[in-house]
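Here the chain labels run A, B and C in written order, and each chain numbers its own residues starting at 1.
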C-alpha cells in the first residue's frame, strides 16, 4: 500500500513539476523576446556603392554602443530600458541581395524594425520585405520619387525630396550677394535632374537668373562643348550635380584647361577622390553636405560617433543622414513605448523632433522628411561648414576664377 | 616501292558523317613527279589537307621520309620540308611580291639562313619564277598568271623537299600551260619531289611518272600513266567526261 | 557660330579623337590578327589607369614616367591573357572559336569590373592624377597643354606601331597573319605566337590610353565597357584592316561629339553611332576598309 501511494505521489510530483516548467517556459518565451531591441538592415560593404558607405557599419555599431552605455532605450509600456542590437548584412550594392537579406532579417532574425540601405534603388527592393512582414522601415539615404509611387505606410524617409538639395546653397548666395547669374549642369539621371531643377527654381525664387541649364549623359567624356557654351553665357556661379567622381573630375579638369573661371563653382558631390584629383584647384569649391558646425548635444554626439567609426563627417557626407536616422529610431521607440510594430510605425510617422538645435524633422503625407544638406567649402583639402548663414557668409570666399 | 619519300597508310577523313577519305594508302617515290586525278569530290584536296596538317586525318598515318608526321601542326610540317599551293590562290594581298616570298624564307625553313643567304635565295627564287621585274608590286595588283607564279615562289621559299601543287594549271591559256609544265619540270630537276592534283589530263599525264586515281574517297588505281588510262575502273569512273577521254587517247 | 568657338571645338574634337584612336588601333590589331573581339580591352585600360595612379601616388613619380613603366607591363598581361584564355579555344572550329573567344573576353570584362568595384585599395577605386600644365592661349583659342602632350605621344606610338609592322620581321609576320592566316601557317609562321604578340601590343596600347585617361580625366570601375563599345564603333567605321581608317574614325567621332555636343550634350554622344550607320550605308566596308 505504501509503495503504491509513494509511486503515485512521485508520479504526481513529476507531473506537477513538468506542468510548472511548461507553464514557466510558455510565460518565459515572450519575456525572452522583450530583452532587447533588435534592428535589422543592410549596408554596402562591397560593390559599386562601398566607396561611399564603407564606415557606416562601424558607425551603426558606435551608435549601438553609445545607446547601450546608457542602459538602452526606455520603453514606457515595459517600464524599463532595453538594450539595442543591430544586425547589418552586406547587400553588395545589389537590390536582389538586399531583398533576400531583409527577408532573412524578418523571418530568421525576427527584428523589430528595419533600417534602410544606401541608395534609392536598393531601398526600393528592400521595401518589399517590410510591406510583406509588416515591419516598420526607417529609410535612410533614399528619396527618389519612385519610392513614393505607391501608398505604403510601413516606410518613411528622413530626407526631403531631391529638389531641396541645394536650397540652403541658394539661400547662402542670397545672403552673401556678389553673384547674380547661375549655370547649372547635371548628369542625366533621375536624382541629379531633380536636384538640379530644384536649385534652378530656388535660385529664381531668390531673384537670380539662370543663364545656362543642361543635362549631359552619363558616359560623356569630353565636356569641352558644354564648357564653351557656358563660357559664352558668362555665369557668376557654376553648379555641377553628378554623383560619380570621374564625371565631376572630368568636367573640372577640362573647365580648368579651357579657361572657365567663374566667381564660384559648386560641386554638389566632392568626396575625397575629387579633392585629391584636383589638388590645389579644389580650394574654395562650394559643396553641399549633411553637416554643419555647432555645439548642440546632437553635434557633439555625431562627431563622437564618427570618430569612433574612424572618420570625420565631411569625408563621408551621408553619415549625417545615417545619424539622423538613428535619432528618428530612438524618437519613435521612446514615443511608441513598446516593440509593437504598429505603434512604432505610427510613432515614426508622427515625429516632430528637433535635431541639431534648429532642424525640425517631420514627415509629409507621402513619406518624405525634411533633411536637406548644408553648404560647405573646401579649404586646405577638407570641407569647412558654411552654416549658419551669418557665419557662412563671413567664412566663404569666392573662388574668383582661381584654379 | 622501296624508301618512298611520302607514304599514306589507310588514311581516313570524316566530316560530320561524311567519309571523304576511306582507308587510302599510297606512296610517292623520291624525286618523282606524281599526279593525283579523280572526278570532282573524289577527295584529292582532302588528301592534301591530311598530308599538310590543315585537316589532319581521322585515322591512318602519314609518313614523310621515314618519319610519322600525322597530326603535326602545319607550320612544323612546313619546316620539315613539305609545302603546297592552293586551288584558290591566296597570297598576302597587302604585301609586295618580295615580302610574300620573304615570309617563307624567314619562317618556313628547316635551318635558319643568314641575312646574306636570305637575300640571295630570295632573288634566286624570284628569278626562277620570273617575278624579279614585278618584285615591288603589291600582290593584289598581279594578273592571274603572275599570282600562280607567286604561289609557286612562296612554296619554294621554304626550301621544301616535297611540293604539293593543287591545280596550278587550271585557268591558264594553252601557251601558259606549256610554260607552267616547263616550270614544274625545272622544279623537279632541282631535286624537289612534286605531287600534283590536276584536271588537265594532258598536263598530268605528260608530267607524271606515276599517277594515283581517287574516286569517292578511295584509291581505285595507281601506276604509270599508260597503265592508269587503260584501267577499266578508272575509265568507268570517268565515263562521259570529255577531257579524260581526250587525255586517255595517247 | 563664332569662328573662335568653331576653331576651339575642332581642336577639342581632334585631340579627343586622337586619344580614342590609340586604344582603338590596339583593338583593331587584335581583331585583325586573331579574329577575336577583345571585349575586355576597356578593362585593361581601366586597370592600367589605376596602377599608374598607384605608382604616381605611392612612389611620387612623374605621371608620364609612371605610364612609361606601367604600360609595357600590360604587354605581358595581354600576351598571357591570349595564351591562357584564348589559345585553349583554338582547337575548335573557326566560327565556334571566334564566338567562344569573344564571349570569354566579355566574361573577363564583367568579372574585372565587378572585382574592382569590390576592391578598396585606399578607399574607392575612383582615381585621378592631380596634375596641371598651364594651357597655351592663342588669342581666344585655348590649347590644353596636357592634351597636346598626350596627343603627341599617341601619334608617336601609332607611328612606332606602323614602323614596327613595316620594317621588322615580326611585323611582317603580323601583317601576313592578318591577311592570310592559313597561308602564314603553311609558310611556317607560328600563328599562336603572333596572336599573343598582337594581344600584347594591343593591350599595351590600351594601357597607355588608360594611363592618359587617369592623367587628363579619371578612372572608375565602370568606364571599361562603354569605352570598348565606342572603340568597336570606331573600328567598324574606320574599316577593318586599316589603321589609318581607325585613326580617321576616331577623329571623326571626336569631332562629331565636340561639334554636336555644343548644341546638345546628349545628342553629342548619340551622333557617334549615327555617323557609324551613315558611313556604313555609304561605304559598307568602312571608310578605308579592305
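Some notes on this structure:
One rule holds in what follows: contacts are C-beta pairs under 8 Å (C-beta built on N, C-alpha and C of every residue); 3 or more make two chains touch, one makes a residue touch a chain.
Remember, it's a predicted structure, so these values are computed and weren't measured experimentally.
Counting contacting C-beta pairs between every two chains, the top pair is A-C.
If each chain is reduced to the average of its C-alpha atoms, the one that sits nearest the average of all protein C-alpha atoms is C. Distance between chain centres (mean CA atoms), chain A to chain B: 78 Å. Chain centres here are Cα averages; for chain A and chain C they lie 40 Å apart.
Taking the mean of the C-alpha atoms as each chain's centre, chain B and chain C sit 43 Å apart. Counting partner chains per residue, chain B shows two or more touched chains at no residue at all. Looking at chain C, no residue sits in touch with two or more other chains.
Residue ranges on chain B touching chain C, taken from their complex, read 52, 54, 73-75, 78-79, 83-84, 86, 90-95, 99, 102-104, 106-109, 154, 157-158. Those residues of chain A that touch chain C in the complex are listed here as 46-48, 50-52, 54, 93, 188, 214-217, 219-222, 224-226, 228-229, 232, 244-246, 249-250, 253-254, 256-259, 272-274, 276-281, 403. Those residues of chain C that touch chain B in the shared complex are 169, 172-173, 175-176, 179-180, 182-191, 241, 290. Against chain A, the residues of chain C that register as touching in their complex are 5, 8-9, 12, 16, 117-118, 120, 123-132, 135, 137, 142, 144-147, 216-223, 226, 254, 257-262, 265-266, 268-269.
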